[in-house]
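Lettered A, B, C and D in written order, each chain numbered from 1.
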Amino acid sequence: MSSAAPRTGTIGVRVRFFAVLRERAGCGERSFELPAGSTVGDLLELLGREIPELPSGVAAAVDRTYAPRDRELRDGQELALIPPVSGG
Amino acid sequence: MSSAAPRTGTIGVRVRFFAVLRERAGCGERSFELPAGSTVGDLLELLGREIPELPSGVAAAVDRTYAPRDRELRDGQELALIPPVSGG
Amino acid sequence: MTSPPAPSPRVVEADVSPDPIDPSRLVERVGHPDEGAVVLFLGTVRTRNREREVTSLEYEAYGAMAREELAAIAREAAERHGASRIAAVHRTGTLRPGQASVGIAVAAAHRDAAYRTSRDVIEEVKRRLPVWKKESYADGSSAWLDGHPVAGRAGEPTGPTAGAAGPSGEDQP
Amino acid sequence: MTSPPAPSPRVVEADVSPDPIDPSRLVERVGHPDEGAVVLFLGTVRTRNREREVTSLEYEAYGAMAREELAAIAREAAERHGASRIAAVHRTGTLRPGQASVGIAVAAAHRDAAYRTSRDVIEEVKRRLPVWKKESYADGSSAWLDGHPVAGRAGEPTGPTAGAAGPSGEDQP
């Protein structure tokens, strides 16, 4: 199922915030429209301009799986910002 | 309390047997009279002549603490033969 | 590419929930007469952390992902070390000192596999489970704990976001 | 020279008895809000050992010594690794597959101390606790298990008794 996504138009991505990021963003989730072909890194850069003091060491998960910054996003996906974890 | 025990006369020592040794000895304990000054090793040698097939690797405990073969026995002590252990 | 990890017969339970952790239930879930060893790990809330008196701890989780990730952690550890059965749970919500925040029960034919698997699971939980804790202190203040940045499993670490990194440790107590 | 080991506040329980082992009771005995980690180890009877089907296991102990020795093992391990509280019990009598023969609960401020102490205790139990087991098999036969010769704590190994050593392994199944 790796048919190439169209490179034109826009995609909608839901972004989720947790813990310290949720408090800074003032909400648990927001939707973003992005140019088709945008990557995780592109979205992180955009978020960095909007959210004050986005802490260092934030990882990203796409549809509940950790994803590298060069992962291309697709319409309807969920991107979660994962600040440094402290479970256990 | 390390006053020297008299080197003359005899001492009485209770010997305990467990597991495979208990079955071979046919009993769980026996009393022995030994010359004063006898060691754990002396008693083990005596037992080796009385109990058939005393297995290798038998350790000794005197009054519930593991003891080396050169430990001198005193009257009224309890010596336990500890065949290879298999707890856990 | 984003499908949940394959289910594994070795993982009998992997949950992230507000339910209190019952140690004996976890042990019973993994117990089996073919196995010779069970190791249970419980992480519990301490009254003191970094010299401050903790009155309560709040655990927040990315629930749907955390459940899948905990199952993946358990499966990987069991396969790596040869354990037979794992049940692992992580709490969310408010916990008081003395209460368990995480419980991991592992059964294996031999104890070495059980210990290694158990240790591996808790270390990976701390490294990558999407869970965060906020401590509340006796003086009324509270703070998100400093955590471990996650190195993405699918590739290199995501790293600091360009141009947006705050000062290191700014979310410490 | 033969006095029992000094009592230690770290050893909350050290017992060798025919009572069934209750995992949650052991965990509760060591739990304390100052500690961040609890590790419980359970050794359980397996249905199979060396390719033979085990129907039951009989544990015999030198009870008075085993209790003192278990307390000493627990105290030494706790002090060596910095654990705070230990409860350890070993069964005697007849056990069926799936039942626990040994239970060790360790609490420590940090998990590394808890795991290391737990592992240390079970290894020492197998090395020197005066306990023996006899397996009964589906074909009606039974045998004392091959064990670990104890190297005397007070000195060198007692070693084979002069002139009386039977063939090695004669007490194997």
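Things worth noting here:
The rule we apply is simple: contacts are C-beta pairs under 8 Å (C-beta built on N, C-alpha and C of every residue); 3 or more make two chains touch, one makes a residue touch a chain.
Predicted model, so just to flag it, every value in this text is computed and none were measured.
Removal of subunit D from consideration leaves the following touching groups: A, C | B.
With every chain reduced to the mean of its CA atoms, the largest distance from subunit B is reached by A.
Our note on geometry: subunit B versus subunit C, Cα centroid distance of 52 Å, whole angstroms. Per-chain CA centroids place subunit A at a distance of 74 Å from subunit B. The geometric centre of subunit C is 29 Å away from that of subunit D, both derived from CA atoms. Subunit A and subunit C have Cα centroids separated by 23 Å.
For subunit A, no residue reaches two or more other chains under the stated contact definition. Contact of a single residue of subunit D with at least two other chains is seen at positions 43, 122. By the definition given earlier, chain contacts exist for A-C, B-D, C-D. For subunit C in complex with subunit D, the touching residues are 22-24, 27, 31-48, 97-98, 100, 109, 111, 114-115, 118-119, 122. Remark: subunit A residues 16, 18-20, 22, 40-41, 44-45, 47-49, 51, 53-71, 77, 80, 82-88 touch subunit C in the complex.
Contacts from subunit C toward subunit A in the complex involve residues 1-2, 4, 43, 59-62, 64-66, 68-69, 90, 101-102, 122, 125-134, 144-166, 168, 170-171.
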